[in-house]
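Encoded as structure tokens, the structure appears first; notes follow it.
All chains are identified by letter, namely A, B, C and D, in their written order; residue positions are counted from 1 within each chain.
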Amino acid sequence: MELDVIALRRDLHAHPEVGFTEFRTAAKVVEILLSLGYEVQYGEETMDGPSRRGLPSEEALEEAYQRALRDGANPDIVSKMRGGYTAVIGVKKGQAPGPTVGFRFDMDALPIRESADADHAPQAKGFRSVYEGSMHACAHDGHTAVGLGLAAKLADGSFHGTVKLIFQPAEEGVRGAYAIVQKGCLDDVDYLFCHHQGTDVPTGEFHGGGQGFLASTKLAARFYGVSSHAGASPEKGRNALLGAATALMNIHALPRFSTGSTRVNVGVLEGGTAANIVPEFARMVIETRSVSEETNNDLEQRVRRIIAHSAEMHELRYEIDVIGAAIPIRCDEELVQLAMEEARQVEGFHTVKASVESAMGSEDASFMIRRVQEKGGKGTYMIIGSHLPAPHHHPKFDIEEEILPRGVELLSRIARRVLT
Amino acid sequence: MELDVIALRRDLHAHPEVGFTEFRTAAKVVEILLSLGYEVQYGEETMDGPSRRGLPSEEALEEAYQRALRDGANPDIVSKMRGGYTAVIGVKKGQAPGPTVGFRFDMDALPIRESADADHAPQAKGFRSVYEGSMHACAHDGHTAVGLGLAAKLADGSFHGTVKLIFQPAEEGVRGAYAIVQKGCLDDVDYLFCHHQGTDVPTGEFHGGGQGFLASTKLAARFYGVSSHAGASPEKGRNALLGAATALMNIHALPRFSTGSTRVNVGVLEGGTAANIVPEFARMVIETRSVSEETNNDLEQRVRRIIAHSAEMHELRYEIDVIGAAIPIRCDEELVQLAMEEARQVEGFHTVKASVESAMGSEDASFMIRRVQEKGGKGTYMIIGSHLPAPHHHPKFDIEEEILPRGVELLSRIARRVLT
Amino acid sequence: MELDVIALRRDLHAHPEVGFTEFRTAAKVVEILLSLGYEVQYGEETMDGPSRRGLPSEEALEEAYQRALRDGANPDIVSKMRGGYTAVIGVKKGQAPGPTVGFRFDMDALPIRESADADHAPQAKGFRSVYEGSMHACAHDGHTAVGLGLAAKLADGSFHGTVKLIFQPAEEGVRGAYAIVQKGCLDDVDYLFCHHQGTDVPTGEFHGGGQGFLASTKLAARFYGVSSHAGASPEKGRNALLGAATALMNIHALPRFSTGSTRVNVGVLEGGTAANIVPEFARMVIETRSVSEETNNDLEQRVRRIIAHSAEMHELRYEIDVIGAAIPIRCDEELVQLAMEEARQVEGFHTVKASVESAMGSEDASFMIRRVQEKGGKGTYMIIGSHLPAPHHHPKFDIEEEILPRGVELLSRIARRVLT
Amino acid sequence: MELDVIALRRDLHAHPEVGFTEFRTAAKVVEILLSLGYEVQYGEETMDGPSRRGLPSEEALEEAYQRALRDGANPDIVSKMRGGYTAVIGVKKGQAPGPTVGFRFDMDALPIRESADADHAPQAKGFRSVYEGSMHACAHDGHTAVGLGLAAKLADGSFHGTVKLIFQPAEEGVRGAYAIVQKGCLDDVDYLFCHHQGTDVPTGEFHGGGQGFLASTKLAARFYGVSSHAGASPEKGRNALLGAATALMNIHALPRFSTGSTRVNVGVLEGGTAANIVPEFARMVIETRSVSEETNNDLEQRVRRIIAHSAEMHELRYEIDVIGAAIPIRCDEELVQLAMEEARQVEGFHTVKASVESAMGSEDASFMIRRVQEKGGKGTYMIIGSHLPAPHHHPKFDIEEEILPRGVELLSRIARRVLT
């Protein structure tokens, strides 16, 4: 059985939904998986609610939910996802017992306004985003389409063991995978294959194991002080911006580590309301990264300490939330080799590599791979190259659609190789 | 001729418009003045465009303009005010030559959501704000109503000299008076009377000359850097928030002055977009104050120096705008005495004082008084007391309406005393 | 009986001893008081050891002690002062019972190198400091000489009541008075007269009650971190200078107060040893002031809070010591008038005033006056004017010696007036 | 001919002289080289005065000079070194023409108080430092002894070409080599061999080419403001410590670089004199490092920019000096191999390696190697292992003396190998 993955990708591309609001996308995934005879889990079955990081506001979740309903999402299905439970897992048992092989596909889009220039293919071909201000600029539309194409390929169940297809929300900001892991959904997976399309790897090239993913933590901090009139009684105020600016300076001044490269960034700082009011509130978004998980943990603790004492120095109350996190990925050599061997059998892959150090990014599939490995299984993170007219997260980002059926073919071969 | 100033005030109260968007209010002022036979100037005749400080965005101006049209503002009149030219000046020449006496009335409201509690009189009596989120919480509705009441009283022109009634936008934030002064509208005024209602002075009390107004400058600063990915290439960024936080710390660290009390506040700081992006933009709102104009100027120059070098330290471009300013007020003793003498003749004023030191506030009528004095004229700033159920700028602020006809009576007596 | 106060002042001027090291000076005071028949207390009798603020190092104390011995200090006397107990109190009981009147004289010099220019009188007349690097540049030599001159005048005991002459160490830095107060030495004083010579008041002018003394606290803070090699393992360090610089910025950023003028200064910051070592130690000296004692206390608490959290933010240990303190002075009107009346009787005082607001300085005689007032007594702080060729604390500071016998005459009249 | 290098090292060890004050050491080197028949250059012949970085004060230089005279330095020789010209170069021409081979030996000690514990060999054996507070804690005594031992070995001139032995001052702080290079003394060297003893490499191990040396710059910055009385006129001050603390915070907040590991440290900050004086002066010592010379240059420029604008923000004058610098070392493979081959021939070296990444240190021999390479020659930096009872720069640092004759033997073999 075959799906038109290109048509599917275009439909997803035209309806991009940001993290935890993938209601229309996820409902469509459920429908297709059901139609293919998969056992499907979704809603609270697939996610531990409190472990969802950086959840949007209730208003934003509800607005996106209503939009999905308006745009044809199946009400019976999508109502189970209301409030941001948008992970979907499809399970297909084979003809005979055997191992469980998992594949991870992320579904979310970005808050970017897509280019409407004539030289931008989605515009020229008529599938530019109809959700103004949101855009699939990181290939997750392609990932999801490939996942569904794979589902179709494996729908006959002619293998030994079990296939588990995991459609994840909110990979951007490294927020969604952790809740699926915490729900236990990876605990029975023996082999896990994750992949990304693009990433500066050219069309026709394949990497069996991605490297260079950093441990990272994203924190949101809020400072609560006391406002006062800056002219009449400045001493009665407790200045939230002074605390936040002190934290900002000291967070940037954290030491370099001899234990591994690090990064730290205060990406957002906002506070105060008017020239003549001592600011009573400020909020801050911070990111730490390191090649070493221990070092990243150390950095995070130091950031927390700085925030706490910057706040207390100015008699402010404060709150800190983890709004995203990732850990490094260690790919299992056995799977890397297996994937490379299969890729060499797929027409269109002219270059096959074990792995090349990639840029200093982060991926929360790292939590899934770690859980599988902790339970005795194996995992890898693969790259399917694609020429890109513009970088990831750019308004003119696009993928070469020829890689989609090729990706389906490759993943299908990998699944059948493992499940024999 | 008499106007129902209480009814008028209630209508204004129900339709509060913030600084430079007083389209409905100003159009109504024009209509009434015209109906009373005044020569009326408004639109660009009354304001020097570039001297308007802290102008709202074009979108906000246009939105308020359209609302005024919807709510019945005379299109022929209000179209001349489009874009924020909302000052109105009514001139009435008397029967014989004589001096020119000016009165200033400010018209703007505040961005405060008015209380809907049953014990709040405007709610109970049905004239609570219909513009949700805006409120007359500083008595400018009363000021404007008194100004129109005065216009009616003097409409017969039975005096020697000229009356000039100046209805000013955007007193909040000390933004609007300067543009009227710069247009030259105060240059021919021999005597200028400004007043405020309330200000912690009880009902029945009158002050002939307010004291304690501070020199103040409000600045908006913008820092422009370069964004970059905080993981992949942090060194390519030029961090606008680091520059802004450095400025914030150093602005607050400006020295105390032995030349007079000072105040400095960074009321707003905002910058950055996401955890993983080096922030390319930040903006800041700053206020300086001093009892001494020279000291305030010195403080302003130091703030500008700090912003400039905080920006250049981080290779940022920056811009600084004055979005509000005031200077101290020196009331002319002759007018203070004259006003006190007349107040003693008005029923309802049981206590009449020269002046009492008030709180550390600022007023941009100061620029008007200064200009009159520079041209050889005289000015004063008077207080008409009113019991207040809640302080100025509070959601339950209200005035005693009995003070409105009393104010009209007093100003009318003052005008006729000067113009005999 | 008369002393040559000018010769005495010159001897003291030539041997300036800084705070808590006035061994030679104090031993001489003891000898003269004993010779005049006074009952004399000194050493630990006169000072509460732990209440001495900003005590020099043991080495510095011992070095000055040995110098005093070499320069002829009476070993039997000075040995009781070893370690910095340099206050001296002389008591003379009169012929009949009566009140106790106290006079305070401060004895310490400054760490300033005295001018050796020919136009500097002490140089020209041969009594320039022989202790290179120390100098009487604040008239305390004159104060002490006047105190001994007064002792001689009152030595016959021909009065009713008791005279108590208090010679205080370490007024500079407002450090020494508090220990004398804490020892209880002021508890029996009914009337206390303190004075200063000079202070921008011209020769021949007298003020019965000085004003404008500020509450002030001087703090020493020390930050203890962990050093590490800045190249090999920066993350192992705990950077004392980062903590101290954070404290410095935030201390300067403390708000202005509407409750009274304030001052805050970080006068010293020192830390670190080498370019390639993460600094493990830093120290800081801070000063707060206010016209209001409550406001100064509030400022001091805020400084302490900033230091604590700046340290803990960087995992530093810290210590804070009070090294000086003063409170405002409230002069009792009765004594002010009494002193003015007597001054008008003394030849050479051509101008007599109640008090004139003086500069923003501090005086620890404030603690003595406060204690007397708390016990039901009265006090004042007087100014005896003197033309000055250069300001206080300047290498060419000097006083007009004619004011010394005039001062003795005035204080003697005051004492006898009270003790009749 | 043989020298007792162990006795020589002990004499040097007992008389440690810090950077640019190696008067006794250098005079002894001159005397021995002359006695061996070398042509010797020293004093201003060997160093470009203004290129000496981080020169001590004139007082410190003169004090050390006088000490060297007292301790037997030859006055005729040492007088040419007065003021800090302490480099010595010995040249020996062989019997026939050939290439020029250079060896670099550094001579300076550290400002560390040497341990007097019985278990510290120099104490036990009677050659602990007699210059209290200075110590050979980095093996430069061993380097110099080996250099002189090598001079003796090659004194007969039985080789083709020229030997150039360079004894360098002030390697600590990477300050002395640059002045020798700028004088042109390396311009005629075809092969340059530098080495270090110890560095965590065990006794018997040899590395032909050291790695991991970082580009580094050490800067001294001085901030000049205006002092004022912190109580009476704080606004008249220009606060040098506020500028310096702002610089400190922002220097530490410099971004991480994706172009290579970096380090930045503010090692010293000192300013201010008293609690009640606005500080008019502050000084700061800063260090930058990177594996990449370009990145280090970028960092240095950013530090300079921060200092400049931190100063100008507070109306301070500032000065910046380079007080030390180093660049990365690239060892020429040909020399690495040659050295390894020879080491394998020397008894006692049981392990011979090309190179092992060492810690994040810096070496100013890097400038010498760079100059030789720029002129077409080759260079390497070798490690001669030694067990160390305590780390470099520790009060109990010591080397195994058996490595000294072994080092002489190796360098001698290398010289003769090149000069055949």
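Keep in mind that, in the parts below, a contact is a pair of C-beta atoms (placed from the backbone, for glycine too) under 8 Å apart; a residue touches a chain by one contact, two chains touch by 3 or more.
Just so it is clear, the structure is predicted and the values come from calculations on it, not from any experiment.
Contact with subunit A and subunit B alike is made by C, D. In the contact between subunit A and subunit C, the residue numbers used by both copies make up over half of all numbers at that interface.
Placing every chain at the mean of its C-alpha atoms, the farthest one from subunit A is found to be C. Per-chain Cα centroids separate subunit B from subunit C by 52 Å. Separation between the centroids of subunit A and subunit C, computed from CA atoms only, is 68 Å. Shown for subunit D are the residues that touch two or more other chains, namely 232, 234, 239, 242, 246, 249-250, 252-253, 256, 258, 263, 278, 360. The residues of subunit C lying in touch with subunit D in their complex are 173, 214, 216, 218, 229-232, 234, 239, 241-242, 244-246, 248-249, 252, 263, 265-279, 282, 285-287, 289, 323-324, 359-362. Residues of subunit A that touch subunit C in their complex: 232-235, 237, 239, 242, 246, 249-250, 253, 255-259, 278, 295, 298, 305-306, 308-310, 312-315.
Those residues of subunit C lying in contact with subunit B across their complex are 249-250, 252-253, 256, 258, 261-264, 360.
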